[in-house]
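Each in structure tokens, the structures are laid out below.
Presented sequentially are two complexes of chain A, the first with chain B as partner and the second with chain C.
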Partner chain A sequence: MAVMIEDTTAAAPAASRGRSARLPRMAPYLQALPLTLILGLFLLLPIIMIAVVSFWDYDFAMMYPDFMTLNYEETLGSWVTWKTYLNTLKYAVLVWAITLFTGFWVAYFLAFYVRTTGMQMVLFLVCTVPFLTSNIIRMISWIPVLGRNGLVNSMLIEGGFISAPIEWLLYSDFAVVLAMVHLYTLFIVVPIFNTLMRIDRSLIEAARDAGASDWQILWNVIIPLAKPGMAIGTIFVVTLVMADFSTVQVMSGGQSASVALMMKNQMSLMQYPAAAANAVVLLAVVLLMVAGILRVVDIRKEL
Partner chain B sequence: MHERRTFGFYVLATFFALFVLFLYGPLSAIIILSFQGPNGGLTFPLNGVSLHWFGNLFETQAVGDFGGSFRRSLALAFMVMAITVVASLMAGLAFRRRFVGATPLFYLAVASLVVPSIIISLGIGVLFQQLGFRPAWYSSALGAHLTWTLPFGVLIMFAVFNRFSPSYEEAARDLGASSWQTFAHVVLPMIAPSLVGVALFGFTLSYDEFARTLMAAGTYNTLPLELYAMTTNVTTPVLYALGTITTLFSFIVIAAALGFIVYVNRRRARA
Partner chain C sequence: MSNAATIDIVSVSKVYGSTTAVESVSLKIPAGSYCCLLGPSGCGKTTTLRMIAGHERVSAGDIRLGSSVVTDLPPASRGTAMMFQSYALFPHLDVADNVAFSLKMKGVPKEERRARALEMLKLVQLEAYANRRPAQLSGGQQQRVALARALITNPEALLLDEPLSALDPFLKVRVRAELKKLQRSLGITFVHVTHSQEEAMALADLIVVMNDGRIEQAAPPRDIFERPATAFVARFMGDHNVISGKAAGYADGMLLLDVAGGGTFAGTGPAREHGSSADIAIRTDRVRIGEPVQPGLGFTGIVQNVEYRGSSVKLSVSGAGISDFTGILSDADFFANPVKIGDAVPLCWEAQDTIVLQPLDA
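Right after this comes the complex of A and B.
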């Protein structure tokens, strides 16, 4: 009897292990299914659709399945397109340079100069919270600050620095870049902070023991090790600026253009195939930029 | 590391303080100006102090359908949040093991962050049109939002499970727990704070999203779309009143989530 009981108890786990041995092999596929389905349906399929539609014909009301390259010829052959790309790239470079500079020093301060972990978390959250609020509100909040009768102008006039309000503060390239820096700096702070926190502190002590000054440590130890974080942040900022239409529209007061804004205008005129051709070109440019960044810095070990 | 507060510390601390001022300064301008008197304009000075513009919000003729768009955005944000948490958690579990297609799927999730938002909006809009579906906030816009929230969720779960020791699960299994029991009583409680973080991201990113919603919202606007429309045609402080209310709402949601995380960690520390 005892032997039999032992046998059955020994057999039961074995049987269930047999069942669950098939399950684990299937499990990752089932677990990855929702993500795969959602990204397949709402990312991959729409992009394929755009690529297809970019070859279609259209008039003021309808699209007609076709295979013509006219949309691309019109997009790439137009001087306006090239000027708009140049303008967008200008924003991307300016915003990237400013956010990288600002973001690095903010992250560096948080990671190396704040003594307690609690304070570090609080200050990090202080930087993160605006990112979780509305971009539109944060954008328009510059209007009462920069406007003709805004805070900056009235303070400068009252202080006697200028006699007439500065006109280029709002509805200008300056305003666009300022608002983008405001909106996107956080995307570069977080990845840099993340890499800085992972730097082994004994490396810095070793450098100090070897007689390195603060600047030498910063330049020869910390910055090289922070490069992957800078690269991830750069990818975020560059792709966000390349995709931006609302900041350019609102902050330039309609006087400036970006590629995405050009697309949006085509979309509001129902010129979907033209917008689609533009989208394919923009996507190619953005992916090339990302590939370029990844060639310079290998970020795979960061993940 | 820096025992003495050096000159560098004060320079960097000043820089940091200016950065925080830069982040919050303009926002406070909007909040102050939303209490503008009835005759006040879009800029300083304050022309009296009143709640006039907040009252104005609830008159439908002053702005669009504020109440309706708020309810839609709220419902959408909750849906996006729930799906983001579940799908990211499941994907995070999947990525702990090897499976065919893991690398392409991971790159697809990362690509979702990189692809310009307006392209996703256009693609989903055209796709729905061609399939003969009507775009709506609860279908096409839901999908569009998920392409933005899911990658963040997946990356967070990825980071969490990279630092998660499998020995806890082994211990549970050795004590006779089934794989479901191990998950529900060991893994889930341990990663709960991170899941709250994912939920917070899902909720707030959806609640404020508009570039992806642009072509995918269908007939009824979400709140950010309503706000975006208002930036071009509303010239009274009612715009700031709405901004103040939505920002306040975001702050409450963030505070609630963070409060919950702190509460869980405290209780755990005591246990």
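Right after this comes the complex of A and C.
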């Protein structure tokens, strides 16, 4: 054994001596360069710019480089901001709870009830079919379904269940949450499915051998082991909902606001520094939420 | 805790679609005995164990544990406990919670179940590790946790699926001695699946050799070793040369066997119909170098290989229509009269070292 180890260590420098000694040392940096450039140019730089602009002054037409905290004072001091944040958090919590529940059962069904891997893949792809159309189209297609003279209302009226159309189906919080659940459930199905597939099936047999019922197995074995996947899915859904403006705008018919929608409005009024301050606050809030999730669940096993 | 149960398997079969994994196997494992199911992979030994445990449905037949028929009972109400091949410890629970898992399922209060788990951990000398996660333990420690978890249910029979296969060779021998000691002190029935002859010989009161979904022989280790029933058992246990040929006569309690294109050999056993194919087995460790005292109890062949094993030397010889004949000589005998590869040597053995094997379809 010792001879073998000696052999390989002796052979390694001999092999690299022939090549340029600089290239192997540079190789890892070269490999990391493309991603560093992309992240630097398209993520880090814009965030720095937003942070810088958030301290600038502005009027109805122009921005003036400056260092003032007025934008933050206005953002944090306004009750509109607080109400909007509360409203956005409400959406986030509702959508998260519903997608987690439905997403878990979809993933559970795929992982434990579908027997063949072929069928699992087919059903998994079926889940992704809606993603072949754009978010906006999928959202807008709810309008003819939920509208005052839409599919649901006309069916209920013709069936004699109601006499007047239900008003809260469209342009309401209900519609916003429904559309978001529709848009984002898959983002929670995928990571949970991934963790469920990694659960050693003999653990379930061991639990059954110890006398656990199906529900006890679910509660004591499967859910605890699926937590990392749930956490990753939660991060996806929460960040998506917190940053959403189009769904809120379209599905609430402009009657509800979200933080991102508030920013969009500020930008359309050329109030870029105010929007930037808002963006920095939102970023901080979302990062805190993600940090909170990571504190509760250890996702390192999944990475 | 000595409430051992007899396990009675009555013509049990397991069919998956069109393949038969286990074909009407009948076996009676006496209460309190250590039984090893032995065989190559795919022989149905694990399926048989899983059917006893209740993790696999029985396609036909019945399984009795003690006086009750458990064929259709769920695993936990059979009075068996299973130890899984990869131990199947719950990675999210600490050692004590792993051991106490079945108590938690029964609704035993936390204090009591932790206390009983600690008691169990003491039995396997792991009480100091109660708060560790399984991933923080070595393979041998994980194995003992799995053992403690299985035993906390007070099973009448413990079912072990290749419990030693994940351990390194040195540890294997030590853990195997511990298993045997534990079985003796608990007095319950152990059923242990393995593909290692050595493990089965060392542990079992009853070895069940399986092949192709059937039991080839179920007997105490000494019977399996000295009187293998079939050519498969003789070959699988590895301590016999198996010579195949056609029955050519019977004299003095010995069956004479003609090997195609070779010599005639004699084997102790019953007569066979003239011309029918038959196998005889010859103990490898009883083969000596020398002229046979009686025709049919030796041959002269060419040495193909010499393998030094310390206290013994293994000779591979071909000749008389036999391509690979093994003789294990003691080192003293060999070095008193050494032979080289390519030498022609006469080999001989005694009549009592031969045995006529049952025909395959028996």
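Definition applied: the second predicted complex is superposed on the first by the 281 of 303 C-alpha atoms of A that agree within 3 Å, B and C clash if a C-alpha of one lies under 4 Å from a C-alpha of the other, contacts with A are read in each partner's own complex, and residues count from 1 in each chain.
As a working rule, a contact is a pair of C-beta atoms (placed from the backbone, for glycine too) under 8 Å apart; a residue touches a chain by one contact, two chains touch by 3 or more.
Since the model is a prediction, treat every value here as computed from it, not as a measurement.
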Evaluate whether chain B and chain C can sit on chain A together after superposition, giving fit or clash.
fit
With both structures superposed, pick whichever of chain B and chain C touches the larger number of chain A residues.
B
State whether A:36 touches chain B only (first), chain C only (second), both chains, or neither.
first
Look at A:141 in the shared chain and tell me whether it touches chain B only, chain C only, both, or neither; answer first, second, both or neither.
first
Anyone got the angle at chain A's C-alpha centre between chain B and chain C, nearest 10 degrees?
90
When the two structures are overlaid on chain A, which partner does A:129 contact: first (chain B), second (chain C), both, or neither?
first
Just chain B (first), just chain C (second), both, or neither: which does A:28 touch?
first
Determine, under the contact definition given at the top, whether A:154 touches first (chain B), second (chain C), both, or neither.
first
Please indicate which partner A:243 is in contact with in the superposed arrangement: first for chain B, second for chain C, both, or neither.
first
In the overlay, answer first, second, both or neither for which of chain B and chain C A:297 touches.
neither
So after superposition, what is the minimum Cα distance from chain B to chain C, given in Å?
9
Which parts of chain A are touched by chain B and by chain C alike?
none
Under the stated contact criterion, what part of chain B meets chain A in this complex?
1-2, 6, 8-9, 12-13, 15-16, 19-20, 22-27, 29-30, 33, 42-44, 83, 86-88, 90-91, 93-99, 101-102, 105, 108-109, 111-120, 122-127, 130, 143-144, 146-147, 150, 154-155, 158-159, 179, 200-201, 204-205, 208, 210-211, 214-215, 224, 227-228, 231-232, 239, 243, 246-247, 250-251, 254, 258
So in the complex, which bits of chain C are touching chain A?
53, 55, 74-77, 81-82, 84-86, 88-92, 101-102, 104-106, 149-150, 153
In their shared complex, chain C is touched by residues of chain A numbered 200, 202-203, 205-213, 216, 220-221, 224-225
Considering the complex alone, what residue numbers of chain A touch chain B?
20, 23-24, 27-36, 38-39, 41-47, 49-50, 53, 102, 105-106, 108-110, 112-113, 115, 123, 125-127, 129-130, 132-145, 147, 149-151, 154, 182, 185, 201, 204, 214, 235-236, 239, 242-243, 245-246, 250, 260, 263-264, 267, 272, 275-276, 279, 282-283, 286-287, 290, 303
